[in-house]
Structure formats: structure tokens, C-alpha cells
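Each chain carries a letter (A, B, C and D) given by its place in the written order, and its residues are counted from 1.
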Amino acid sequence: MAQDKPRIILRTEGLANPRALKTYIEHAEGYTAIKKVLGGAVTREQLIEEVKASGLRGRGGAGFPTGLKWTFVPQSDTGPKYLICNNDESEPGTFKDRHICTVNPHQVIEGMVLAAFAIKANKGYIYTRWEFQEEIGYLVEAIKEAYAAGFLGKNILGSGFDFDLDHYSGAGAYICGEETGLISSLEGKKGQPKVKPPFPAVSGYLGRPTIVNNTETLANVPWIVNHGAKEFRQYGTEKSPGSKLFSISGALVRPGVYEVPLGYPFERLVQEECGGYLPGRSLQALIPGGASAPLLTPEEVKGLTLDYEAMASRGTMLGSGAIMIIDDRQVLAELLKVTIEFFAHESCGQCTPCREGTGWLNNIMDGVLGGTAKPDSVERMRTVAKHMGGKTICALSDACAMPVTSYVQKFSGQLQAYLAQAAAAGSHVK
Amino acid sequence: MAGVVKVALPPRDTNLFQMAFGYTSTILTGMMKTFAIFWVQITGKEKTETLEWPEQPATYSDRFKGKHFLTRRDDGQVRCTACFLCATACPAECIHIVAGQHPSNEIEKFPVRFEIDILRCVFCGFCEEACPVDAIRLGPEYAMSGLSGDKWIYTKDYLADRGELHGGISSVKVENEKHFTTDHHPHGDDLIATDAPHMRHH
Amino acid sequence: MSEATQGQGQGSVETVTFTLNDREITVPKGTTVMAAARLKDVYIPHFCWHPGLKIAGVCRFCLVKVDNRPKLEIACNLTATPGMKVSSVLPEVKEAHKWALEFHLVNHPLDCPICDQAGECKLQDYYMEVGKYKSEMDRPKVLKPKALDIGSELVLDTERCILCDRCVRFEEEVTKTGALGIFNRGDRAVVGTYPDKKIEHNYQDNLVDICPVGAFTSRDFRFKQRVWFLKDKPAVCPGCSTGCHVDVYAKPQVRSYFRLKPRESAVNGFWMCDKGRNTYKHMNQEQRLRFPLVAEGTAARRKTTVDEALAALVGRLLAANKEDVALLVSAQYTCEEYKALFDLFVVKLGVSKVYQWREPTEDLKAFDGLLYRGDHNPNTRGLSEALKAAGLPSEVKNGFDDLVRQAPPLVIALGPEVAFQFPSLPAQLKQLEQLPFVSLWTIDGAAANYAGLKHLLPMKGFAEKRGHYLNFEAKVGDLADPFPAGSEDARDVTEVVAALSDLFAHSL
Amino acid sequence: MSVFGDGLKAEIEGFLKRYETRRSAILPVLHAIQDVHGWIKPEHIEELHTVYGLDRVHVKEVITFYDIYKDKPVRKFQIRYCKNITCHMLGARPAIARIREHIAALDAAHGEDGAFSLEEFPCLGKCDGAPVMLVNKERVEHATVDKIDQLLTKYAPTVLR
């Protein structure tokens, strides 16, 4: 058995000056993977095969196999191709990519060079949300360092491979975390997702083949190259190999980002890493994968392990690994309103079911909290949520519908009571 | 054919005497009744229902479909939005509307002209039913006779503001309510009961 | 057309066969299910898809079920593959359509009573088709700006808008002006121009046509009629030599015309210009010449009957030498009319002076790149060919000045039908007043203001007669299904010529 | 005469060359303008349209689509307070209420152009520091109601008295 808690991504965490190129090179096998690949020890095909064999799945939320995604780029196409690092991290509850930028940005850059080599892209962008002002500074600094050291730019390490990397800042839109929304934004447009097909791997940024990978996903690649798929597979589960960063927040003693292998027990994460719940608080419900994931009741949390399959079997999802603890002091109706209001605010307004559905749900919740909703509102929310799911260009509509459905299903008693109480009182605190 | 039901023929009268007695007695009974009523009324024992119209006024129910009127907004303008639905529904094609742009964008569309050719009207009430904003109604005025020189085309001003309307009628329907919700019936009883109080006191 | 970009294949013969609603359909490879359905007259409800524009895929209305696929998919972006089984009529699809409509109506103001689109509104159509349900929406709606002045021909109501994006794509892809955008996001999104900027091109009314709801309405048509009172018939626009195929909307019982709309064809695609849309107005009562006006000898000009007017003309023709007669012909009549005219006057009566009546300021080469051409006559080609057939010089040339210079004693002039395309017409009519005798055949009521014109015959408009135009590339535009003439005295040239021939036959 | 200063002009021109298409530069250009001027004025858009060929409709679409861009004047300190789930759970609502009170008091004392403006922001991506707010570009963590007075005083010591 390998280490219980591997350090695959946050390798420089806890060191002095962790972000510096020097630290990365000295303590985390920094830029050895690209030497291996660009030096010719590993061919492009072998690189893709290795990533495929590692079973690395996209860490942005959808969990799509990364190596497979790379193979979608048309090999015959000789024109420009692009690699984009999705550092938009906009799912409420997620802050792991922010943490990587703070701790180990160079590993992302190295991962990007490797991925770019695999898909024959000569230009890359890191797209970061505007709210990460500090981290944008770290990234720009790291890119500069990498250029100076010759790990980016023309003819990297004398291999003849060119890769230019630039940074691009978003401007406050959740939907830019969706890969085609991000591409639209990068094209200087509204961040509206594009209708698929064609998929970005065929026609993405400016109509050229484009691969969009999550920051954490890319940060895994150098380690896989250095240590091999076999060792990677020692961590995690059969279907979800490797380690994963979990952003865990809520009423905990030590909320934060923790790197643990996939399949790690939830209870252990809370007790060991996070130091347990704040005194006097207990679990009322759990959001296991960001605001768009269906809720779990304390019953369902029992024996929960943190991997894609365990989540799926409980009807929810791991998403980007954003765990939010809802403690017993919270009013679920208010949290539901916060969630819906977020999605209604963030809907890009393209597809009708999402634009109108999120707004409608928000409208109903206003009525529930304001004491003006009709008695059948909860049932109505269930119907609206049911019909806005699975019908739109991107998954924002589902992202709003899923938590609503789970709230209504699992906590409808609370909602009904709230409805009755608010109606009786005639009004409610805003 | 299972569906056929056999019905007996009516009995045929064969006895002449029976026939003569039967018919004569019925006629006599009727005449007795007429005479009895005539007697109680002429002696003043019972009030007669006959009105000495037009000296005595006769009032019909509010639901009577008589002369049309146009309801008004709170500020006195006609409610009609010139949607042409009454003209569309009208089987006699007697409603003529010319629509125009209202100075206020709140109202947007209004009738520049609204005319009813009353000679063609069949008082079916379809216009009232078709109206989505409760703007046109058929009132209890029934006396519309006149001379050939009179105006038989009712204009917008006449429909909205003739003497009999006592300064115009407003609808009980909320004015800015453009969208019907599902539980609102534009022709519910609430409207019928209150629409024409003006008509009662004349 | 961009339908080609939606994959209808150009010249390729490769085909795909798939099943749509249990019917086998064979279409060119690469065709989308939506385009295939349209080719085969199967209607899949949609808002944002338009055959003349790129795919947006945002209304999510055209959902169909594909066998063995978990989710419903949009037909407009679904490429047909061999053997695919698609259904647009399954209960589950119908339910999806119902809800798609419900979502479209959530914030729609439902002000159909004052909306000009009512009667041809897709929301209404689909409600009747898939809906007639009780709405679940019981909350206050989002309010947005209404009745905005957004262009010389347009009124915009953002509350009625369903954000289908068609107008934005039209501005970007067809006119390439890009004046429209969708601002803000979520249910606050509104369509509009940049603040204080307006749409300023000759194709504005197409936005009204492609708008599936009443967000864009036409300023010209605004509040004039409800569409269900109108009857439409196909015709060809007489505004320029492109000859766009159109539908004319009229209310025949009151002899009024209300609007033109483009009819899809290879000539004009799906569009037509705003100039062309105005070419119905001259057929309305207040603008047209409704009866003949004739001045006999020195008497004042008076209203008369067609028979009298024709008899008077025949009298003059019989008295005149054929050298004294000249024809002045504008290029706004049909090929059949020209043939009848020249058969009588040139072939039979031997008149050889035939002049073309053209606008002197015209620029024949002008073209806006889309539809509108500098030759503002629908049948320049037809006139040339008729002249050629009659053995006369057929090149396009304005003969008006030559005619005036020569001042022949008897002129028969076929006036332009669309007077507003002839800015010099008032001046030209003044010049004609100076000639000894002009018989002006026209629909233009303004001609009656020229007292010196001694013989005026009312003509039929393009929507009131049968015949053909030949457009700039000699494509045939067919006038096949006429409305009754807006005036009882109005005739087309063929009818006048036939009557004249009869009169000649009787008097000889 | 450019409505942008020389420095900003150079920066804009740099962005226009930096990406594959000019349109891609819209977001960075708007960030740059906003960093200097605080908000994007109509004359900025006009100059971007006429001088730099960035279509005004495209620019306006972007400004209205993204939360960060402002097309109205802003105050000296723009507070963006996260109101999403974790921040809500750990006390965003009372803190926001407290900030509102301060702003109302400041407005009453100093008129409409007080030092602070408040935007309830959808998400700031720092849930482990919840509740979080941004003051201009500076992130402030654990901004609970009891610390608000002290935090605001740090930015505008005089006005708060």
C-alpha cells in the first residue's frame, strides 16, 4: 500500500515560498516531466496512452476521462489548436483551484505544456475568474518565471516544440466555467455556451480545435508522467483513481482544501482533516459537490466515501469536490432561496427553459419567503424543476433543478411548515 | 335493430259527443278564468301588471341585452383597446373600429373611432363576451325607436357618454390588469351584479 | 443561402435515409432533422430556427426523441444519420413541447389584444396546437420596456420578446449591420440597439417577419388592421428589377391594401426591402386614379366612363396619321400587356414611334448587395424583349426627352405604376401637359392634378392583373392570382387594347 | 483627443495586438479602463468603437453580461459581499445589514457620494474564509457582523466618525 495520503498536486504546500519556481524544481520534481517528454523519452502517443491508462478523470465536475478527451482532437488538422486551462472555478463551494494557484502554480503550467504537446497545441490560455485577483498575480508571476527559465515559448528545451501561454481574466460570470461558455468569453463575447455539436475538440476557440481542462486535472499530468499510470492507480478506487482536492466549508473547525485519495471516507475527512464540527453543531444536510449537487440527509451520509461511484449510488454527484456542511442551525428554505437566486442570477439567458425556469423558481421562492406563495408552491417547484432539466445547451438548468428537486423531495416537510408559518405570519424577514 | 323503440299511436277520437263536450268545456273553463281575473282587477281587488308605458317607466334586468355602452377608465377615457375582437365576433358585422396610437405608452392602442351600426345589430351580445377588457356591454336600455333623420350609427362618444349613462360607467375589473390569471373569470357574477347601477334609477 | 451551411449539400448526391415519425425520409447527407422535416413538409414546432439564418439552438422547442438516446434532442442541430429513428409526436415529446411553451409564456405579457402579431403569432399557434392548458404561473411577471422607437419602420416591445435571437442573427448575417444585441443576462435579458442608436437600413421590416412573436412590429402596419381580416395572394414586387416574390395582404371588401410580405423563392430568398414594401400604397383609394378624366375639344376636363373615354381616344386615333402617333412606355407593365399594346399599335396600326419612359436620375448599375437594384422598374427586360419582338430598337434608353422634343400630335403614355420611384415624375408630367394631346394610362392619382393632361385612363395595379415580369436576370415573376381591382373603372393594358381593337373593328 | 490617457491608450493597443482577434481583447480592455476610471463611460465605448474598431453593441453586451463591469459611476470603495451558501450560513446576512446601515448613515451625513457602495455578490470563491467580501480588489475574510465596524474604519477612518 502506498502512502495513505498522497501528495500529487499540493506537493509544495507547507514549504517556504511554495509558489517559486525554485521550490517547485527542488522539492517537487519540477519540470522533469517535460524534460522526459520533450527530450523524446516518451512519445506523444505514449503520453496520451499513459494518461488514459491512469484513469485520470476531469476534476472540474463532469468527471470525463482526460486522455480520451485529448484523442478527440482531429489528428489530420494541421492548423492552430488551443489548450485552455479552466481556472474559472465558479461553482459555489469550490476553492481548490484557487488553492493550487496559491501553492503550486508551476505544476499547472508544466501540465499544460504536456497536454499541449499531446494535442499539438501551440497556444494556451489560463482563464481565471476575476474574483481571484491575488491568485491572478501568482499565475502571471509563475508564467513569467517559466518563460524566463525556457519552459514556455519557442523551441522549449531545444525540442522544437513551441508553446505560448497567456493569462486571461474573466469578469464575474458563473457560466464561464462551462467550457464553451469559457471559449465564448475568451473570444470577447458574452459567456454564453455554444450549441453542441460541434464539440470544442473539433471546433472551439475561434472555430479551431480546442481542449479545455480543469486546473487540477492538468496539475495531475506531470506526476503521472513522472511516476506512471500504475502508481497513480494505487491511489483512489478502481473507477476513480488518484487523489482529489476537496474544498470543504461550513461550520467546521478547520475548513479548507485537502488532498486525499478518491474513496476517502467522508467522516474521516471531517474529523481528522477538518477537526470536526464547530462546538455544539451537528450535520443537518450535506452538499457533496457544489451548489448544483443534490443534497444528502445525515442518514445518507453514513458510510459515505468520496468518489464518483459512491455519490452516484446516492443520487448525487462528486462534482468539483466542493463539500458544504449544512449544520442544524440553518433554515433550509433560506439556503434553497440562496441557491436558486444564485442560478437565476447566473443563467446566461440563452435557452428558454433555463432563463425562465430559474427566474420562475426564484420568483416562487420569493413568494415562499415573503408569505405570498400559493399553498401548492412546493409541488409547483418540483414540476418546474422537472421540466427544466436536461433540455438546454449546458447544464446550468440542471444545476438549478437538481438541488431544488432534492430539497423538495428530502426536506419538503420543512418547506411546507415554513410555507404555512410564513403565510400565517403574513410576512417574513428579508 | 336493438335501438328502435316502439311507441303507441295516440288514441283516435271517434265519439262525436265526447269530442264536443271535451272541447267546449275546456273553452268555457278558460273563459271563466279570464273573466275572474278581469273581475278582480276591475274591482281593484288585485293590482294589474300592465304598465302605462311610456308614462310609466319599465326597467329590465341588468342582464338585458339592450343598447350598447363603452365602459371607461378611472380617468374617464374609454377602456376599449381597439383589439377588434368584438368586430370579429359580431355576426352582423356592425362594429367599425379605427385604431390609433395613444399618447401614453401605458395604453398604447386605443380606438380613434368606434361605431356601431345599430340598425344591423342583432343584440346577440357576442361583442360583450368577446371583449377581453370588459370595455363593451349591452345595457338595459331597450327603447331605441326614432325617426329616419336620427343617427343610427352610434359613435364612440355616444357609446361612452350619453345622458343616460350619467357621466359614464367604469368597470369593476382592475384597470391595469392586462393578463388574466387562471382563477379570474372576466365574466363572473361579480361583474354582472355591479356593472350598471346607473341604469336602476331611471 | 445559409440553408446550404445547414448541410443541404451543394451538388453532392450522397444521401441519408432515416425515419421521421415512422416515415422513411431520404435527404442529402449532412441535413439536419429540422431541415429534412421542412423539405418533406413535416412540421416540427420551433421559434429560433429559421431556414435563412444560422443555427442558434436556444429556444429548445424543437425537441424530438431519437431511438436509443436518453435525452430529447433539438431537431435543428441534429444531423440526420442513416437508420436513425426520430419522432416528434410521441407523448413524451408533446409534453416537452407543452412545457417549452409554458416557459416561453412565463414572462410574456399576453397583451394579444393590442398586439399586431396576434393572429399570426407562433405563441398563439402553438398554444392552440400543443397547449390549451392552464398556466402554472401565478407570480408577478418581469416587466421590460415597451413600444420602443428602434428604427424608422420598427416598434420594439421587449416584454413580448422571447429572446430567440433571430433578429440579432439577421442583423449580423444578412444585413451585416450588427445593430442589435441582447443585453444583460438571465430573465433580465433584453434585446435592443445601442442606446440612442437606431436601425437604419432598407431591410427593417424583415425583422418583423422573422420575429415569431410581436416584439418587432411594423410602424407602417401598426394598428391598421387585425391580420385575420386580411386575405393574401401571391404577386411580384414592382419596386425594382429584382422582382422579389411577395404576398399582398388586402381587405378586398373595402378595396384596401395593407402590406406586402416576402414569399420564399430563389429570387429573393426569404427577404425583401422596405422600399418594396411600400409598393402597395398606390393601389389604395386615396392614392389611385379611380375613373377616366377626359377633355373634349375646348370643354373642361370631366369625369367620364371608360367606354366614353375609349371612344374618344379611338376617334382621335382614327383621325390621326400613323406618323403622328407616338407611344411612351414605362417599364412597369407586364410582358403580356406590352405584347398586346405593340400588336395593336406597332404591328396592326403601323406606329413606329415608341419611346421608353424612364426616370432620368436612375443609376442602372446600382445594387445594395442584397436585393435592391438601381433599376426601379420590375420589367425592363420584358419591355426590351417586347420591343425586340415588335422589330423596334430594344436597348434600355430614356426616350422621354426625345418625345417631348418631337412633340407628336397624339401620344399614348403608359405611366409608371410606382410613382415614388420616379422622383422626376412631377416635372415630366408638366412637360407632357405642354404636348397637343396625351392619353395617359396610369394608376397614379396625382396625375389628375395636371389639368393640361386631356385624357386619363385609370389602370390596375400589379396585384390586380395577370401576367409576367422578367427581372434583371430574365427570371420570370408570375402575377397569377389577382385581387379584384380597387376601382371598377380600372383596366389593365391588355383589356384597354382589346376594347380599342373592338372599337376599331366596328368603326372600319 | 483621446478620452483615455496615454498610459491606458498604450495598454489598450497592447491588448488589441495580443490576442488572435481584436474582439478577444474586449474583456481585458474593459478591465484596464475600469481599473483607471472606475467605470466605463459612454465616451469610452464610443472611442473603442470609432478608433479601435470594437463594435459598440458587442462592448455593451459584454458590459451588461458580466457582473464586474460597471456602466454607472462608482464610489471610492466598492464592497462586494458574498451571499452564497457557505457565507450565508456563517453570517453574511447580518453583516450585509450592518454595512447597509453604515452606508445609509454616511449617505445621510455626506450626501449621495459616500465612500462605500455595496453589492451583494453571487460568489467570491473563498468559502474557507467565509463570510468573505471584496473591498475594491482586496479580499477580506471572516467579515462577520462584529468585525464590520472595525473593517470599514480601516478604509475610511474619517468618514465613519
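As a working rule, a contact is a pair of C-beta atoms (placed from the backbone, for glycine too) under 8 Å apart; a residue touches a chain by one contact, two chains touch by 3 or more.
In this text the structure is predicted, and so the values were computed from the model without any measurement.
Undergrad: Just to be sure I understand the contacts, which chains border both subunit D and subunit A?
TA: In this structure, the chains that contact subunit D and also subunit A are C.
Undergrad: Looking only at C-beta pairs in contact, point me to the busier pair out of C-D and A-C.
TA: Looking at C-D and A-C side by side, A-C shows more C-beta contacts.
Undergrad: Roughly how far is subunit A from subunit B, centre to centre by C-alpha average, rounded to an integer in Å?
TA: 69
Undergrad: Centre to centre, by mean C-alpha position, how many angstrom separate subunit C and subunit D?
TA: Centre-to-centre distance between subunit C and subunit D: 51 Å.
Undergrad: Whole-Å distance, subunit B centre to subunit D centre, using C-alpha means?
TA: Once rounded, the distance between the two centres reads 65 Å.
Undergrad: Report the inter-centroid distance (CA atoms only) between subunit A and subunit C in whole Å.
TA: That pair's centroid distance is 54 Å.
Undergrad: Could you tell me which residues belong to subunit B and also touch two or more other chains?
TA: Not one residue in subunit B touches at least two other chains.
Undergrad: Do you know which subunit A residues sit against two or more other chains?
TA: Correct list: 173, 190, 345-346, 348.
Undergrad: Considering subunit C alone, which of its residues make contact with at least two other chains?
TA: 138, 182, 184-185 - these are the residues of subunit C that touch more than one other chain.
Undergrad: Line, ring, star, complete or other: which describes how these chains touch one another?
TA: other
Undergrad: Subunit A touches which residues of subunit D in the complex?
TA: The touching residues are 18-28, 30-31, 58, 61-62, 65-69, 83-86, 88-90, 121-128, 130, 134, 137-139.
Undergrad: Can you tell me which positions in subunit C touch subunit A when the two form their complex?
TA: Per the stated touch rule, the residues are 55-61, 63, 71-72, 74, 77, 79, 96, 99-100, 102-104, 106-107, 136-140, 142, 162-163, 165, 182, 184-189.
Undergrad: What part of subunit A is in contact with subunit C in the complex they form?
TA: Going through subunit A, the ones touching subunit C are 173, 190, 195-197, 344-353, 355-360, 363-364, 366-367, 374, 380, 383-384, 387-388, 390-393.
Undergrad: Could you list, by residue number, the parts of subunit A that touch subunit D in their complex?
TA: 89-90, 92-95, 98, 123, 129-134, 166, 168-174, 185-191, 205-206, 247-251, 255-257, 287, 291, 322, 324, 326-327, 330, 334-335, 338-339, 342, 345-346, 348
Undergrad: Any idea which subunit D residues touch subunit C in the complex?
TA: 42, 55-58, 60-61, 64-65
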